[in-house]
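Note that chain A is present in both complexes that follow, paired respectively with chain B and with chain C.
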Partner chain A sequence: MSSIKEIEDIFSSYIIGKDTVKPNRPRFHIDVSNLKEAITLLKQRFGEEALYISNIIGVDKITEGIIEVNYFIHIIPLANTIVIKVVVPRDKPQVPSLIDMIPGAYSGECETYDLLGVDFVGNKYLKRSFFVPTDVVSRDIFPLRKDAKV
Partner chain B sequence: MSKLIKYSPWLVHFNTGACNGCDIEVLAAITPLYDPERYGVKLSPSIRHGDILIVTGAVTKKAGERLKRLYEQMPGIKYVVAVGACAYDGGVFKGSYSSISGGANKVIPVNAYVPGCPPRPEEILRALLLLLDREKVKGDEQH
Partner chain C sequence: MERATSLIKIPVTLEIPIGPQHPAIHEPILIKVYADGEEVVGVEIGTGYNHRGVEKLLENNTFYKDKFIVSRICGICNTVHENCFVRAVEYLAEIKPSPRAEYLRVLVMELERIHSHMLINAIMAEIIGFDTLFMYIMRDRELIMKAKEIVSGGRVLADFHMFGGVRRDIDEVKRDKLIEILKKVEPRLKYYRKLFENDPTISKRLTEIGVLKTRDVVSHGMVGPILRGSGVRSDTRAEDRYDAYDEIKFNVIVRSEGDSLARMLVRWDEALESLEMCKYILEHLPSGPAIVDERKLPRTFPAGESFTRVEAPRGELTYYIQHTGGSKPYRVKVRTPSFNNIINSGFSYLRHSIADVPVILVSYDPCISCMERAIVVNLRDGVEKKVTLKEIAMGKVKL
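What follows is the complex of A and B.
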């Protein structure tokens, strides 16, 4: 568990909240404006090729009016996965793109944009119909939103 | 059944959106344990050499276009075997916004279905043999 403490110390000033998804997988809640700085610190500490974004999961919480974006980041030297959570308002979901720092974020960002409508600012490859069939796209529906009628 | 492929059907395996359950069984069916080469059954390196197309999984709208294109690229005498409940009528994914309502036969003509979720490798091989007229159906059995 010392490795998790180590990660926490790296960007401790940005952490708003912390919970645990499951044993040995902590989730750090970070303000959306600090996301890039936090990833930069992780990269500085562990090196250019140590971070691997395995998943970008969006969750639509319609009663609270927010969309959660969870970054599952595998840190290869520590052989451990951490989750970084940012929260954006549902009516204007904008998150800074990580594609310039971690190119592997491409597919995750495109998927989350296509299914939930989260706009990753700075990712010029975002397009509809990445996964969603064209007839659903033509009705301008994001199928994973809770109010979508598909 | 054409004699041209009766004793050497080459397979092409295409996953149109399956959960991988049927794919594992199809791959198990072509292992030496079940030894399909005694029937001349081999996996084809390319769709343009294929005789039988094995379709697994619910056909999503995106994969449906590709499935049609693959079928059109197959040469001359060609057959399609739909493996699993999803390829038959959509299975548990029936009615989803991203899948074609109905199974693989809405996109391409299907010659044989293998029911099951997933079917056993023996059943997949038996369906191929029934399709090739190399296995008799028992009197009280329907297919």
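What follows is the complex of A and C.
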């Protein structure tokens, strides 16, 4: 029987911190350079028909000078969503794209790029105006950044 | 007379923009279909026509205003939006609604599921040419809209939830009226379900059209009836057991075919399940208070993060709140099921006929563009060779 403990074991060499998003979503903090390896291990363990990317959520932490990128991955056999959190510098937010491993990352990566300016390296479909109106794009504003006035 | 020795065939590739405003599309999105003859060879999904900046708006308003803003994200499924947001705040504040309030929340959400599923099936009937069926389903859907109004006070927008409970309760008179409506709707739902399954024309139009394999559906993050129509048993109500879903029995409807008909039948079966759930709720509604005294609720909420999921009619809807304290959230992320289902669906149209793209393409006057490509056929030996128009124009192709 799969369990959250098992996921902890899978990620054991990558985890640099962990906490819980309420009510019961275990979150594992890993270094951005290990993201693809961690997802590969998860896919190997559960298989392609057992997990999908539910959300890619970026949060601008302006006072800390970072952007958090949280990957909410739903694991169907566990009937729960786990979270992988990576942190990137605000002035150069680059994260490897997962689109080649999980095509469902497309929507989340394109949205996060357009709204927060996180560059998903390897995703050739990234473009401005995915959601953001052209007048905002023309002013080079990422609207969900905390210093953006829209 | 000199005989021709070669023939140049220039295949016409159609670029058909469907939307952002189109009778068959009920929301502004652009589906740009590239067709080679009748076959769809490429699809681009264009978004951004309805971006209202709701997430930024939520960051700039208090939780109490936000509760009413999130209801307005979607007209059809507004109660699931407010349920998901309200529960995310309740997890932060560690507030627990009363059992009666939880039952009433499920009641209004399941009524919403019934009318939403009826709506999309009615639209499907309309698209495949059954306008009368569309009108019949919409007529019967009005009964459910009336039921929703009896419970929540609003035919469309409910504004029914509040942190720690609900905003309205029902009495015996309303309960009896609701049961009466449900009894009236039940045979109609069964009839429509039977019609979709057995009518040879509907069946022919939907069977084996848009077949999605389990692996593709999961890897593209598609959710809800699409996921369950392709054989995956995943339903947020069964997985998270939020509100009263841990006490109300229901079956998770799964079909293995993966085609358009399977997805529509999943919706009819789910509507019937929802009907049974509503009847169960009305017969087993716990006693006690349901309406929360809004004057006694906290004005600020403790810092923290929460992530809630709800099974909206279209699939898994999620809310993420990051809160640093005070009366306004630091970050709110709303991920609707259509975000995944529509934006990631480009692959699913490929290799189908244009007529199978589930919208009324024939009503379009398509824009035709020739691609820079030609086929040169040597008439002597029948050998075909693909070259570019540019090469022909520059005299690089020996005809």
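FYI, the second predicted complex is superposed on the first by the 147 of 150 C-alpha atoms of A that agree within 3 Å, B and C clash if a C-alpha of one lies under 4 Å from a C-alpha of the other, contacts with A are read in each partner's own complex, and residues count from 1 in each chain.
In this section, contacts are C-beta pairs under 8 Å (C-beta built on N, C-alpha and C of every residue); 3 or more make two chains touch, one makes a residue touch a chain.
All values derive from a computational prediction rather than experimental measurement.
**Q** Consider chain A as the common anchor and indicate whether chain B and chain C clash or fit when overlaid.
**A** On the superposed model, which is not a single observed complex, chain B and chain C clash.
**Q** By the touch definition at the top of the document, which applies to A:Ile57: first (chain B), second (chain C), both, or neither?
**A** Second partner only.
**Q** Examine A:Pro143 and indicate which partner it touches, taking first as chain B and second as chain C; both and neither are also allowed.
**A** both
**Q** Between chain B (first) and chain C (second), which does A:Ile66 come into contact with in this model arrangement: first, second, both, or neither?
**A** A:Ile66 sits against neither chain B nor chain C.
**Q** A:Pro23 in the overlay: touching chain B, chain C, both, or neither? Say first, second, both or neither.
**A** second
**Q** Given the touch rule stated above, what does A:Thr81 touch, chain B (first), chain C (second), both, or neither?
**A** In the superposition, A:Thr81 touches chain C alone.
**Q** Determine, under the contact definition given at the top, whether A:Asp135 touches first (chain B), second (chain C), both, or neither.
**A** The first partner, chain B, only.
**Q** Identify which of chain B and chain C touches the larger number of residues of chain A.
**A** C
**Q** Going by the contact definition given at the top, which residues of chain A touch chain B in one complex and chain C in the other?
**A** In chain A, positions 131-133, 143, 150 sit in both the chain B and chain C interfaces.
**Q** Residues of chain A touching chain B in their complex?
**A** Going through chain A, the ones touching chain B are 131-136, 143, 150.
**Q** For the complex, which residues does chain C have touching chain A?
**A** 47-48, 51, 53, 55-56, 91-92, 214-215, 218-223, 232-234, 238-240, 304-309, 316, 318, 320, 322, 330-331, 333, 335, 339-340, 343-344, 347
**Q** Considering the complex alone, what residue numbers of chain A touch chain C?
**A** 21-23, 25, 48-55, 57, 59-60, 70, 72, 74, 76, 79-81, 83, 102-107, 110-111, 115, 129-133, 143-144, 150
**Q** Which stretch or stretches of chain B touch chain A in the complex?
**A** 60-62, 97-98
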